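Across the two complexes that follow, chain A remains constant while its partner is chain B and subsequently chain C.
Here is the complex of A and B:
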């Protein structure tokens, strides 16, 4: 009895806090998405009008394709890179800590600081372009060309996350029992066969985790385009979060922003489900 | 003999590639640091400075303050905000997690499932309505606006609840026999036994709070209460051509995260392999 009372005291604190900072906003999110409101007065209910408007909004579709485009650059780059990094890490015996830390320290860079850093590093007169000019006689407009800007952001995000994702895959590879490889060796399987028949299938849970992380990251990207490109050139680096931010706090249209937030959440959830369906396999380690 | 030699060449090549890649990955940090200590005219022209200077740091800490951009203040704000959030999250998670894994009562599983349900929703969905709440409470432009929404973390509670499940009930019974209160049990028995979980929760919470940008950008318009990330971003916006001072600011923003990462790297790695379970 005393135990139950104490338990409810702990849970109660949590539930009260969650009701204020999670439940209340949750209800407001739903109210806003179905009304018209500009921060003052009472929200005016308008049914599904916001959603209808959203799906006819060319900016929404621009952002949608930007996001797909970003994933097409970012996910193959970061997954392949992380995979190679994890493989290399499991092959080396010495300096493993050094390699791990050099790749991982990129991950603890602050979003604002590394955006400032890279916008200067890749600027027209920056060291990367002056190096390219000296060796190849060309400069690349990393952040000012409409098509390149998105790729450049994908590259710097890859720089940040390759070590982190690589270590998740590495942990997955370490969990594979060595005896499997020894048995395969005895059966005369080549290294190549071992890689495709043992490593790739058994690292599946780690690979799924990485893919889910990468998708969530893509839909939540804000700091880099805000700091470096401001969504331009030609809206090619506009992201969902950047648009939610400007819609709610600069164009003063919070109800439309709430609608956008719900659709963004649903899209990212849908992508995660899709990838799980396509990639995830049951793994039995006996 | 022949194959062994082949393997050796391959291994050496692998080491060389890994060293080069590691250096490329660290290069941006090195360039950032050097840019913050070399004279302005050398930032884009030379890699190694001809002379070291602290003028950019002096600018960011002294001159910028006179331009209404108080960086010393911002650094202290960031430290205050990040430490408050981290302490609060670790302690509330340790207590609530105990309630959800070691105390038995009706409705416990429902609360636990609710926490998991909450974690399904990405934080960005709540930005707009949370702003409405903070505005209604009259907390815009206060430290509370940044701190209150992060005081308790569903993820932290979940992590502690999972870690406690591995601790045998006997430990708690033994402590109770000795007349220990629940608070004493949590602080003196449970927390020390789950030190790595506490470190992981603390580390990731601290990094998240220090690096949080979008939320303080929305609720903090007062230059004197801004965390460093937001003040640095606004300085970059308005004085983008002051490259040297900007680099010095970026170094100051980065250093605490890198040091804490290096000090707690063991737990960072544990946290990574935990994300698989």
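Here is the complex of A and C:
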């Protein structure tokens, strides 16, 4: 009895915290999603109307395809980049911490600050385009071409996360026993074969982690399009989070924004499950 | 003696407890704060029974966001400035604003007369009532680089689309320099400062949305002329999609742009070359626009509202009346903010003559207040202008649709939103 009381006392702090900062907003989100409310008065229940509207909303589908398109750019780029970074890091003998930290600087810099930086750097009149124009006589409309803008943002986000994801992959690689490589060497396997037959399969847990992180990230992109493109050109860089924000606070429609948030959450969860089904394998390192 | 002290203390307590307190929010802008601070102090000194608790709108993503959050939390102010038309319409639809004409009747109209707001206030009527007292109206004007135009042989800035085409043929080199900035950006509010301004100029101030019928009406002859102008400029590479961080009138990548009066001080501080070499002119018009007719433009205008949750409406209105029926306060407003007050007598009232003479740029803007038309009072401003961007200006700038196609598609999409 006394022990149970003690247990409640310990967990109570967390439970109260979770109830206030997790439970309450979550319940409120659900209430909002099934009602009509515009900041004033009491929410009016309207059943599934918000959801019906959402699936008929062309902007929702535009964002859905933007997100898929973004993933098609971002995930191969970031996984490949992070792999190369991890491989390079495992080859480096000196200043390893220095290199790691240099790449992590991108990850900890302020999104607003580097967004301004990139938008000036790559603007039509910025240094990059001036250089291209002087040397080759062409400019690249990084942020003003509908298709290219999404790719440019994917490149920025890749830049930000290569170091972090690379470090996860690096840790995964370090966990692979050296003896496996030695044995392969004795059997006459080339470096290439070793990479595909040993490194790639055994780094699977780390790779799955990176993929799950990258998917979650894709559904949560906000700062870069908000600061650089404002969702344009032609709504091609509009993201779920950007749309949720403007719907709640500029269009004054928090209940529809809540619906969007729930559907976004469900979609990202669905993608994570799918990727785990496709990629994740049982790995025994010992 | 002691008795008197006690009585004194008691009296002060009674007045303090009995005093009405009103919360009043204004724009978080240093110039406007410099205007309101001494004014509120003076009122509080003169009216111990009605105390104003003055604050700037709390820092948040936007004023609108801060006000909405305050309302949702039951912390709404009694009166608040910095309300733009679309936000006012949303608040009115939610039934949280006091209709001044209904609540205060004759008093309201006396104030309108005292501040010469009869013509200005028309654009602010919503379903036959007045919920907003306009504070300032910023007309949009064209800025032209005088020095370069003079070198090119001009003695006055271009007035019509064809004159700009002529200028472009003389000056523009694709990839290097262009005639003018035609579109101001990708944000929803940028449409106020390009398409809508040009449309008002071309049509003599006709509405782009029929608010009563809830229909977009800009796919008419005027809209077509504006769309064709935008399309022609992009097609011939006489204007650019993206201008970079530096003001294009400074590095001479462009010679002209639509600008608001709020940019005057900005240019003075950051781009003195531009500031010292400017011609200010009304927005461009189609070639067949009558030469002697006044050219209308867009008014970026903000106003003051009173919330229904206000418990002391009479006292709050007394304060509003006290501020805005005294033209001296508008003089101070100009001194501090350089923005034209929303009154029609700026050009005629001797009180303002000083500013009109001293500062030709301010004079140019102030003289256009009567020609400046506010935006359509609709609740869906953001969606409508976002659709305008996606279906009208962006297809035109990327040459993805002809002017006719873009106009009819945009109107169709906007009508879906207004329905």
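The rule is short, and it goes like this: the second predicted complex is superposed on the first by the 277 of 286 C-alpha atoms of A that agree within 3 Å, B and C clash if a C-alpha of one lies under 4 Å from a C-alpha of the other, contacts with A are read in each partner's own complex, and residues count from 1 in each chain.
The rule is simple: a residue touches a chain if its C-beta (ideal position, glycine included) is under 8 Å from a C-beta of that chain, and two chains touch if they have at least 3 such contacts.
Just so it is clear, the model here is predicted, and its values are computed rather than measured.
In the superposition on chain A, A:133 makes contact with chain C only, while chain B stays out of contact range.
Of the two partners chain B and chain C, more chain A residues are in touch with B. Applying the stated contact rule after C-alpha superposition, one finds that A:65 touches neither chain B nor chain C.
Of the two partner chains placed around the shared chain by superposition, chain C is the only one that A:233 touches, whereas chain B remains out of contact.
With both structures placed on the common chain, the touch criterion links A:249 to chain B and to chain C.
Of the two partner chains placed around the shared chain by superposition, chain B is the only one that A:264 touches, whereas chain C remains out of contact. Legend: residue contacts after superposition of the two complexes on their common chain; A:195 is shown touching neither chain B nor chain C. By the touch criterion stated above, A:146 is placed in contact with chain C alone, chain B being left untouched. In the superposition on chain A, A:120 contacts both chain B and chain C. Residue contacts after overlaying the shared chain place A:112 against chain B, while chain C stays out of touching range. The contact surfaces that chain B and chain C form on chain A in the two complexes overlap at residues 39, 120, 125-126, 249. Listing the residues of chain A that touch chain C in their complex gives 38-40, 119-120, 123-126, 133, 139, 141, 143-144, 146, 229-235, 246, 249-252.
The touching residues of chain A, counted against chain B in their complex, run 3-4, 6-11, 13-15, 17-18, 20-22, 24-29, 32, 39, 88, 91-92, 94-95, 98-106, 108-114, 116-118, 120-121, 125-127, 130, 159, 163-164, 167-168, 171-172, 175, 205-206, 209, 213, 216, 219-220, 222-223, 226-227, 240-241, 244-245, 248-249, 254, 257-258, 261-262, 264-265, 268-269. Taken in their complex, chain C has these residues touching chain A: 61-62, 64-65, 68-69, 71-72, 90, 94-96, 175, 185-187, 240-246, 251, 253, 380, 382-383, 389-390, 394-395, 398.
Interface residues of chain B facing chain A in the complex, by the touch rule stated above, are 11, 14-15, 17-19, 21-23, 25-26, 28-29, 31-32, 35, 44, 47, 92, 95-96, 98-100, 103-108, 111, 114-115, 118, 120-133, 135, 148-149, 151-152, 154, 157, 182, 207, 210-211, 213-214, 218, 229-230, 232-233, 236, 243, 246-247, 249-251, 253-254, 257-258, 260-262, 265, 268-269, 272-273, 275-276.
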